[in-house]
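Notes follow once the structure below has been shown.
Note that the chains are named A, B, C and D in the order they appear, and that numbering of residues resets to 1 at the start of each chain.
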Amino acid sequence: MTLCPHCKKPNRDEATRCIWCGQSMAATPAEPPATPTNRVQDAAGERRPPPTDDPLAGLEGLLPAVPIPPAPRPARADGEPQPDEREIRDAELLRAIAIEPPPLEPPRPPRMVAQPLPPLRVRWMLYVLVIAAVLIPLISGGQLDGLIRPLPGQAALAESLADLVPEKPVLVAVDYGPSAAAELDAALNGALVQLEGASVQAVFLSTRPEGVDLARQALSRLEEAGTPPGAYCHLGYLAGDAAGLRLALTSLSAALGRAPEAGAAQEACPALLHASGIGEMGAVLVITDDGHVARRWVEQVGARTDAPLLIITTAASEPLLAPYAASGQVRALVSGAYGGLSAASQDPRRTLYSADGFVALWAALAGGFAWGLFGRRDKTERLKR
Amino acid sequence: MNVVLPEGSLAQTLGLWVAALLTLGVLSYLVGDNPVFRLTQYLFVGVSAGYAAALAWTYVLAPRLAELIRDPGSAWPQAIALALGALMLTRAWKPLSPLARLPLALLLGVGAAVAIGGALRGTLVPQVAASMVSVAPVDYGGGLRGWAYALDAATLLAATIAVLAAYQYHAADRTGPAPLRRVASLLGKGGRAIITIVMAALLAGAALSFYSALRGQFDFLLFGLLGGRGL
Amino acid sequence: MKRVLPVAVALMTGWIVLLDMLLEPAWLGPSARILLEIALVLSACALLYGTAHLGVTHVSRLVRHEPEGLYGAVLVGALLVTFISGVAAPTSGAMTWIFRYLYSPLQATLLGLMTFVLICAVYRVARLHQKRALPVVGLGLALLLIQVLASDTISPILPDLRDWIMRVPVTAGMRGILLGIALGMMAAGMRLLLASDRPYTGE
Amino acid sequence: MSGLGARLIANGDAYAVVAFCGLLLAWACCSLRLRSGIGIRLRQIGLYRRLPQMAERATEAGIPVALYLSAGCQDLAGPETVASLSLYTYMSRQAARSDLAAPACLGNPVTLLLSLAALERSRQDPELKHLSAPGEILYWGSDPLAYATGAALAGRMVGQQARLLSGSGGPELLFASHAALAEGSTHPGPLGNPSGSALLSLTQNAEPRHGDAGITDVLEPPVESLPGEDLFAGEAYLHRPEAAASLLSEDYARWALVAIILIAVVLSSLGYGG
């Protein structure tokens, strides 16, 4: 194993040129940069004008400004590899189904990548805008919080939770990572408070590894709030993605095996003994920051059970799930950013979570946009344009 | 970040300060790429991979292994599963690597089946059913309100079909009679415009989510740490 | 045999599970459940394999004195410590500590960082007049404005508009995309279940 | 939802079976049609048109193409995983033909196992054994943000000029991963979209400085992006044209769905079906 003198990547000892950067493995001082066409000429061995319909035509200039020596191929006993029968057949078929190229859009204009990033001065101004947007609630004190109209999903969520019967436990799927905790914790807490009001047992489960500890944190918050231990239990981590969900739908015990928390859960939640699978839960409440995970719950669980499927997700994933909410497959869809406001306002801990901050965020983004659009351009920029 | 370890314990205090330093380490990216930021990147990848692997072992493999040892007779499915899992690991050793094809084949076979079943029963049928709306104002109570709802329904329908049309694989300029081709390409254009609206909505949502994550870390620095909980 | 057996396994398992999902015959249920459990275990094994691969890659980088090899040592160290403490004492304080004070702040701040990245990007899009991006950003900002001002005290139209946008254009667009994805998934899945596609053999 | 829609839902299982059989039938017909050589032409998809050209350029310059595949972070063994793998299978074969490495950066362990197999197969020729180098395929963990971070680091570690990014997941994943990539790579970033997307680019090796280049491209909807179902079409367009039969059958299914919806809408608007 030898390292390429140019890119420091590993190559086999017998390699004559680096398979990573294409340069010779012999440590030679870098030659002066060749012009793109020369480079293409060198590499290809002959000068070939780029075909006119080639969308990458004219992009040679964007190829690395390093000299690429003629690529010496390792000598093959049988010369160049001959295409086998199947390859030939495939090639013919490919030709047959490919239509003549329509006039393609011009290649990505070089200026897009050649354009320098915003100067440091500008970047820092933009950063200050963002930081100001985060800190603004310290001053404004959440003026807007009470004024924003709740999302339609919030009422639906409250109704669904109110309709629950104490006999059947509710499955709470904590499927988000710490990166979404700031957005989703408040909404989850709000839902848990409503669950407690309905005196329904909550069974926690995570199909994402990060969710397990977040579920534990939610449980400890319940403990702090004085919820009796019998009111909730934790099943731990359910692996297998869609297959795991499909299995857990009919048999939780098969899906979870004898996971550390599953045994204890059986004792903590007598109701679990009646529910052999997720399908027999009173309702399924999924809290996730990932539209795909939510879609998996809808497709694998929601479609197979009469239990209402309630989803709390991030603002970023909400649009992905809108059709499922519209079709009624998801009884209630709440996005965390605004959905958690009311719950957060009841949390005694101080926080910057406020609708004011969202307005400030918009102002910051709009400011950046307007500045970019109308800001004075220096001479070099004007020349580029 | 929610902190609920024993209040005031040394572990918690230490942890809070480590967390704060890591937070600042990642934010140091704002002054440009630097070794501290790079360190946090590698640390994060290592911790997250280790965490997921540990959970996979603790919650999936260890319990089944224990079950197998406890009662080999009745735990034969677990035995097969673990044996196949072992075969999967042979991928690492070239001479045996073909053996890894068996578990992969099973995994992909089951994965495909579950995906097809889910897509059919969970998306295709319900979403098609949801698109079967009436566009008659009278069905929405008539009057201006009825007309408004009917218009909504019609818009929803047209937009859905337009987006569907945008994905046609038959080359629109080759197949079918001319008027049909024109309709198809027109629908396709409309569909792409609507996809732009969806992207814009996703962008707005993403902005809120990014902001919330940042706000959470500032909460932690301002109130979780300096608020006295860590001191 | 090297080819035939995997193909046979993929077909058999796939069709058993699919038939169980679509027709749900009682006699097929148990075998389908067993296959699902095996798949579940296998996905966990794959995760372990991947983690081992990650570790080995970075150890070899360290051994070869590649640039940034030392950072790789940090990665491997963190990986080992987390994995061992997780395996030795899954519900212990150590694992909780690692998750809450290492994993959480890192993941959350990395995503939070995107806010800064996003505003710079918005600036650049406007600055460079990127034709295809301007409508997306402009529209995105407009939608965001409607969301942040959706208050009846300002104007009852704004909240209604916010809900309408989510209920009609976004739902319609997303529904079209989802239907397409469902079709695509079925086609791709069927290629596997008809063995026209055999990625497990490397083809 | 109209009465007809409600009925459809009520007998969902039956209709699902019908739909599945219909698609199978359509596929059978399309395969026959494809074999019989009746002229079928496919819509151009920018990415799948440029990928071969990019492979050719990479060969000319002697610089490999690095793939970043985040597809399947959410679902280890779904069709999406296989779909994104087909891109790697194609590129690894092209790389093997021109004696180049086929580096990839993955966020899904199953893709890792499959791509190792694909790489091995594409280099069956003993002459190519010398290509296999450790660290060619990098797996960064299935946590989307870990993949994103790893991709950024890989961008720094591996100095290719040509890159193909294929992402799949929520917008955070795409925005985050490709913004992070920007910082390590020369020209990252596909259009963030919920179902899978890819950007093909061949760019100069600008000094990587900052993340915003990534988002800029994320916001710039590239011609080559693969929103929605196009992600599943790679095989047919790149190296297994017989798979085109399944795409054509998708089209028939698509128009059948549209027809059914329209008929149902007309009927329910006229008051039929309750």
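FYI, contacts are C-beta pairs under 8 Å (C-beta built on N, C-alpha and C of every residue); 3 or more make two chains touch, one makes a residue touch a chain.
It should be emphasised that the depicted structure is a prediction, and the values quoted were computed from it without experimental measurement.
Set side by side, the interfaces B-C and C-D show unequal numbers of C-beta pairs in contact, with more at B-C.
Each chain gets one centre point, the mean of its Cα atoms, and the points for chain B and chain C are 4 Å apart.
One inter-chain figure worth recording: chain C and chain D are separated by 14 Å, centre to centre, where each centre is the mean of the chain's CA atoms. Per-chain CA centroids place chain A at a distance of 16 Å from chain D.
Chain geometry summary: the mean Cα position of chain A and that of chain C are 6 Å apart.
Multi-chain contact residues of chain A (touching two or more other chains): 1, 9-10, 99, 102, 112, 117-118, 123, 127, 130, 177-182, 209-210, 217, 239-243, 246, 260, 289, 295-296, 303, 314, 316-320, 323, 326-328, 358, 361, 365. For chain D, the set of residues that touch two or more other chains comprises 1, 12-13, 16, 20, 39-44, 75-79, 82, 110, 113-114, 117, 120, 134-135, 140-143, 145, 149, 153, 171-172, 175, 194, 209-213, 216, 219-222, 227-230, 233, 240, 242, 244, 247, 250, 254, 257. Shown for chain C are the residues that touch two or more other chains, namely 17, 21-22, 36-37, 39-41, 43-44, 46-47, 49-51, 53-54, 66-68, 90, 95-96, 99-100, 103-105, 107-108, 110-116, 118, 120, 122-125, 128, 130, 136-137, 141, 144, 147, 166-167, 170-171, 174-175, 177-181, 183, 185-186, 188-190, 192, 199-201.
If you draw each protein chain as a dot and join the dots that touch, every dot ends up joined to every other dot. Those residues of chain A that touch chain B in the complex are listed here as 99, 102, 127, 130, 133-135, 178-183, 185, 209-210, 212, 217, 220-221, 224, 236-240, 242-243, 246, 256-260, 262, 289, 295-296, 298-300, 302-304, 314-320, 323-324, 326-329, 335-337, 349-353, 357-358, 361, 365. Chain A makes touch with chain D in their complex at residues 1, 7, 9-12, 14-15, 17, 19-23, 39-40, 43-44, 54-56, 59, 61-65, 68-69, 71, 73-74, 76-77, 81, 90, 93-94, 96-99, 101-102, 104-105, 108, 110, 112-114, 117-118, 123, 177, 179, 209-210, 241-243, 289-293, 296, 303, 314, 316-317, 319-320, 327-328. Residues 1, 12, 34, 37, 39-44, 46, 49-50, 53-54, 57, 59-64, 74-78, 97-101, 103, 125, 127, 130-135, 143-145, 158-161, 168-173, 186-187, 194, 201-206, 209-210, 212-213, 216-217, 220, 222-223, 236, 239-242, 244 of chain D are the ones that touch chain A when the two sit in their complex. Interface residues of chain D facing chain B in the complex, by the touch rule stated above, are 1-2, 4-6, 8-9, 12-13, 15-16, 19-20, 39-44, 75-79, 81-82, 110, 113-114, 116-117, 120, 140-143, 145-146, 149-150, 152-153, 171-172, 175, 183, 191-194, 208-211, 219, 221, 227-230, 233, 244, 247-248, 250-251, 254, 257-258, 260-262, 264-265, 268-271.
Considering their complex, residues 22-24, 39, 43, 46-47, 49-51, 53-54, 57, 60-61, 66-68, 107, 110-111, 113-114, 116-118, 120-125, 128, 130, 132-133, 136-137, 174, 177, 179-181, 183-192, 196-197, 199-203 of chain C touch chain D.
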